[in-house]
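Have a look at these structures, which come just after this line.
The two complexes that follow have chain A in common; it is paired with chain B in the first and with chain C in the second.
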Partner chain A sequence: MRHGSDEQPRHVTPPGDAPRVVDQGSVWILVAVPSIWAAHFLLSYWVAAIWCAKAAPMASLVEPRWIIVGLGVIGAAAIAWLGRIAVRRYGGVFVIFEEITESSERGRDRFIGHVTLLLCVLSVVAIIFTVIPGLVFATC
Partner chain B sequence: MRFSIYLTLPLFLAGCSGRHNWLASAGAEADRVEGLFWVLLIGAAVIWCLVIGAAVYAHRRQVDPSLETQARRFIIWGGAVFPSVLVGTLLVWGLVILRDITADEGDLTVRVDGERWWWRVIYETSEGDVVTANEIRLPVDRTALFRLTADDVIHSFWVPALGGKMDMIPGRETRLTLTPVKTGNWGGLCAEYCGGAHALMRFDAIVMEQADFEAWLAHEAEPAQVAAGDPGYTVFAEEGCGACHTIRGTEAAGPVGPDLTHLAAREKLGAGIYEMTPGNMARWITETHEMKPDIDMPPYPDLSGARLDRLVAFLMSLD
Partner chain C sequence: MTDEIDLSRLPPPEPYDEARDKAQRKRLLDVWRAPPGWKIISAVNNDYIGKWYLLTSFAFFTFAGILALLIRVQLAVPNNELFSQSLYNQLFTLHGTAMMFLFAVPIFEAVAILVLPEILGARDLPFPRLSAFGFWCFIIGGVFVCGSIFFGVAPDGGWFMYTPLSSNPDYSGLGADIWLLGLSFIEVSSIAAAVELIVGVLKSRPPGMRLNLMPLYCWYVLVVAGMILFAFPPLIAGDLLLEMERAFGWAFFDPDRGGDPLLWQHLFWIFGHPEVYIIFLPSIALIATMLPTFAGRPMVGHSWIVLSAVGVAFLSFGLWVHHMFTTGLPEISLSFFSAASEAVAVPTGIQIFCFIATMLVSKVRPSVPMLFAGGALAIFVFGGLTGVMVALVPFDWQAHDSYFVVAHLHYTLIGGMLFPLFAGIHYWYPFTTQRKMNDRAGTWSFWLMFGGFNLAFLPMHWTGVMGMPRRVWTYDLTDGWAVLNMVSTLGAFVFAAGFAVLAVNVLWPRGKQPPVARNIWNAGTMEWSAEVPDKPWGIRSIPYIHTRYPLWEQEDLMGQVDRGEWFLPDAQEGKRELIVTDILDARPLFVQRVGGPTFLTLGAAFCLGAAFILATFHLWTITLIFGAGFAGFTLWWLWTGTSRIPETPEKYAGRGLTLPTYAQGNRSPGWWAVFITMTGDMTAFMGLVFSYFFYWTALPGFLPSADRLPGFGWLLAGLALLFGSWAMTVAARGTLGRGQRGLAMALLVGALPIGALGIGAWIWAAWTQGLDPTAQSFDAMVWMLILWMGLHLLLNWVMHLYVAARVKFGHCTPEYRADLMNLTLFTHFLALTAVTTFALLAVFPLLMGVGP
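Here is the complex of A and B:
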């Protein structure tokens, strides 16, 4: 799979025929998904650090454990919502069996939708991996 | 050339034996880490063979477009789903081991403070703290809880044969449990670079039968037997050694250096690096920085003759 628009000869698809995705701000969805992962990672550290600093040494992590799980669920839900947009608005599919070579708004949208879905899976797995240590450990 | 390379291979196996061998199965915690290690090693070897085998198979086989759908599914399941689940499982397994070996319960509690470059060791007993240094004795088949901290830089406490290692961090307390299952003298060391004499920051971890350990601990709790007017102690006091070192039962109560109350009962000198002999003791006092660079203790090169002999004899009597 490759983004064919960069490699298409200009005479096949005249420049300016399709709106540029960057100008329209359509690529935000690509950035948003891993940003949610990064925000969850940062917030998880903050919760654990503040809890361990304010609570007595070796305090139980029972409460922040569920905060971290809650943050994970919220993050996963936000990613699922973006995944839904990637499917509905961008026409993205998770598995593609042909190259996206069409230099058109439709082709670019499909490409963004597909990449967004892949990033959704990666980010959800990363969030789960961040939550697991919080579930296993009961102490600071 | 190739044969000579093979000849050097046994040298690498030297790390697989001896008192620092983490595959010695001398501790319950080390056994758990070893179990994870073998699963990882064998699993990685099997997966490597499968991947290379698949690559060779794919390279030799002629392209068949009708199998592309199957191939893509294979890549998704074998290249994404399976590794994610496997790594997740190993993560949970490793975390559970880490959680268990950092539990905060034990049959006895030992506080260890990492200094540059030695170990302050404090046994917590019902009669109060028992302070010693640079040697840790443990009863076999009992779980010892270590409460670890550091004086000014980060160290790491590790007895490879007995269990996992744990950072010692100034201003924080970390915990580690060790459950020795074999008696013997195992090697301990600092596993985090901490300055000039880092490689010389070692200790003996001596695992004893329960009764022997209790007798040792009771003796260690006793003050030193120093006769009034002991000529060696006189030298010790005149040279100002008591400003840094403590000998319980005397006026020496310095908190800076290792407690010397039962110094000669230890097997090693200088934090696990020299045999405890009169010759090494004399050299330690006069050529301190040749024996262990950068340490805070100043050398006493002017101390010689009868005064040095008396001081060494006194220190070697502290058993």
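Here is the complex of A and C:
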């Protein structure tokens, strides 16, 4: 697919960057995984802040607690889905000692898949970190 | 889908011919040579700019270090009255400000500008003149901010400039304005450097260097520059709000007028906490680059380090409130940030474990750089552990604003940033100067600094726990802090002595010494392929890279590069040329011509600096004159230096590869630079959006009654007109592509009055309802959002006229229309800003039930 922003003076060359980065779906997955953590974190913060500011100061946290848990589950599920893509499409494997130094498009994909899987684990851990205080606190 | 040029099956190089080699070298030398004599200041090459940047940053470091010593002298004995309290406030504020803004962040840019192109095997970064512009902005702004102390008007509100102390001119004088405007100016140069470095890493890699083969240093640079893009703009937004309150009395931080001083703390720390990692990661990157050299093997867990860099970059944005644990936010909010502060220790720890693993599986060669790296890890881990302590809310309530925090932050910054940097200086000194530093002096400086540092800062943990508040001017003998403070002061001077040894070691004239051997450390990364003595062209020919450590794993690479067997070995057209490659696989895309030495960037930086400095003194007329000067120089620079239509559409790059000489849209570095800059710009705008919602959350009466809201109809009409203006620009791109030059110009110029009517409708909507920015925070916020849009439209108009003129004079043609493509991209972001502003001003009050 040619994008409006990829019309070159002479149409002899293969597609440029944006088509590959967007259509081939290559690097976005690296950013997407921690972005889910970020979205979850900000949503949790906003839910709690607005709840505490707009409800009574010592409002019970029972309801937002379940919202935060629900958000946590959704976030973890989204990350698991991306992890699946990292394995299926990118050929990512979870190994400790990696040597993905092959000079090919497949090698690059496998490397991105590997880093993505690692980021999935980190992001899920960070989401769990965020959910825990939501379970513990009973008041603002 | 793969349209790849198979770089591993290129035709063999032409046989070596000494005469050809000599002729090529001469032509390259002529093109890349720096201007002679005093004209050297017009140089833009990364060798020069990088070196100047580095030396200037260290000059500011020395200055801020001397301030630190003065602070320590004042605190050495109880009831000391050596400095007045007012001067003392200026000393610690300027110490923190200069160390953070004039040393820690710029030194990252300095090192990256110096070594990144060489590590990438590139001739230069894609925008050398932008680097030069950033450097000159930095030095002008830095001298202005630091110089203020000699006139007794240095900022004195602490390096985080909390409101309401800083927003009320009765409490804070000129110093706060100097801080706000001087630093905003320097932030501009940081963002310029970030754009340059991101595009550099993404687009200037040598052919074949795919993402999985990219050196770790480049990953760190990419991540950190990305962080700058999301961390600095909120502070610029905050600076703008604070300066509007100080200069024009707009109600943002004054509780009596519906403002909130806490907003500043949010905006500052959304910048301020990621900034700590912006400082730390590039230095860790230096260790990650030199450790494989001394271990003699590739880094263990390459992907894990990439993971930790990306992970830290994200998590570090979820920590800002841990600086605000004592401000009375709901405990549940605090606990989220406490949890994130603990979580960030995970990826930070991973990279340290990777380093340790690399050292364990190999036999590390002892050397001065490794000595500093080892000391860095020891100090940093200690500081990291106290960081985990203060991340816990109850502990922080006890330690907040005490010397415990001072000790913690110096352990993390000096261990995480300064010592790795000193390691890097010893490591890359031979690369920069072709001489070697004295090892004996290096060892001395290390032990003096390591010992002095611990002597100075370890006792502060105790003084803090014993109750000594940070920034306190003096104390009484009965407080019981006297002995520990005296020890800290002694330690500070030992540390300073160590730094003096290092400084002498660096600056010692070594002109007569023989140059070092090539690749003196037997490293694997490309920067060590540089010839000795050094040549100005960066690299003789740009090689094909298919390994992570090319000098180790690609046989005779240096020889092939030297003999000009790879790409662009010549400069027949007398132009400075780089190969631009693609983001994923570094496929060669085109040959980019970059600008050479020029005084235009200097002129632009000087005028912009003057405008910022004069604005501090509220001299608006001269400020505007210099602002116009800045615009003039910049347009001149762009007109003569960018998007030049090449003399031939393609050129032969060597080894059977013919590449276009022009690119536009998403394969050109310029397009990506616009995209990245505007992402930063949107982040600043998001800072304003955050402020709006912050007020709404924190202040019950923020949204006024319906009769005080800007008129919905006018807002909608304004949005429609702004959209029309955007659509005309997009249409101009298409029409020019179809060869209708006249129509394209008409659309470009016609978009101006349409946009003007749009913003006019918005101003009218607010004006007729009598919204007064000095009366209420809501009114101030509305006017600020309209002002933001208006300023962007103003810039948009200049760009429209510029592109229309480019079309008129044949620099932007139906075939070669990079300028117009970049402008279209800019207006996409503008349209997004308009929609968001409309949502905030018209839709949100409606949703909250206060609309008409």
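Assume the second predicted complex is superposed on the first by the 112 of 140 C-alpha atoms of A that agree within 3 Å, B and C clash if a C-alpha of one lies under 4 Å from a C-alpha of the other, contacts with A are read in each partner's own complex, and residues count from 1 in each chain.
Throughout what follows, a residue touches a chain if its C-beta (ideal position, glycine included) is under 8 Å from a C-beta of that chain, and two chains touch if they have at least 3 such contacts.
These numbers were taken from a predicted model, which means no experiment stands behind them.
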Touched partner set for A:105, first chain B, second chain C, both or neither: second
Partner chain(s) touched by A:115 [first = chain B, second = chain C, both, neither]: second
Partner chain in contact with A:34 - chain B first, chain C second, else both or neither: second
Partner, of chain C and chain B, that touches more residues belonging to chain A: C
Partner chain in contact with A:125 - chain B first, chain C second, else both or neither: both
Which superposed partner A:133 touches (first chain B, second chain C, both, neither): both
Interface residues of chain A shared between complexes with chain B and chain C: 97, 125, 129, 132-133, 136-137, 139
Contact set on chain C toward chain A in their complex: 1-4, 8, 203, 208, 210-213, 300-304, 306-307, 310-311, 313-315, 317-318, 329-333, 335-340, 342-343, 346-347, 546-548, 582-585, 587, 589, 649-650, 660, 662-667, 671-672, 697-698, 733-734, 737, 815-816, 821, 824-825
Complex contacts: residues of chain A adjacent to chain B: 57-58, 95, 97, 121, 125, 128-129, 132-133, 136-139
Contacting residues of chain A [partner chain C, same complex]: 3-10, 13-21, 24, 26-27, 30-31, 34-35, 37-38, 41, 44-45, 48-50, 52-54, 61, 64, 96-98, 100-103, 105, 107-108, 110-112, 114-115, 118-119, 122-123, 125-126, 129-130, 132-134, 136-137, 139-140
Chain B - residues contacting chain A, complex: 68-69, 72, 76, 80, 84, 87-88, 91-92, 95-96, 98-99, 102, 104, 172-173, 175
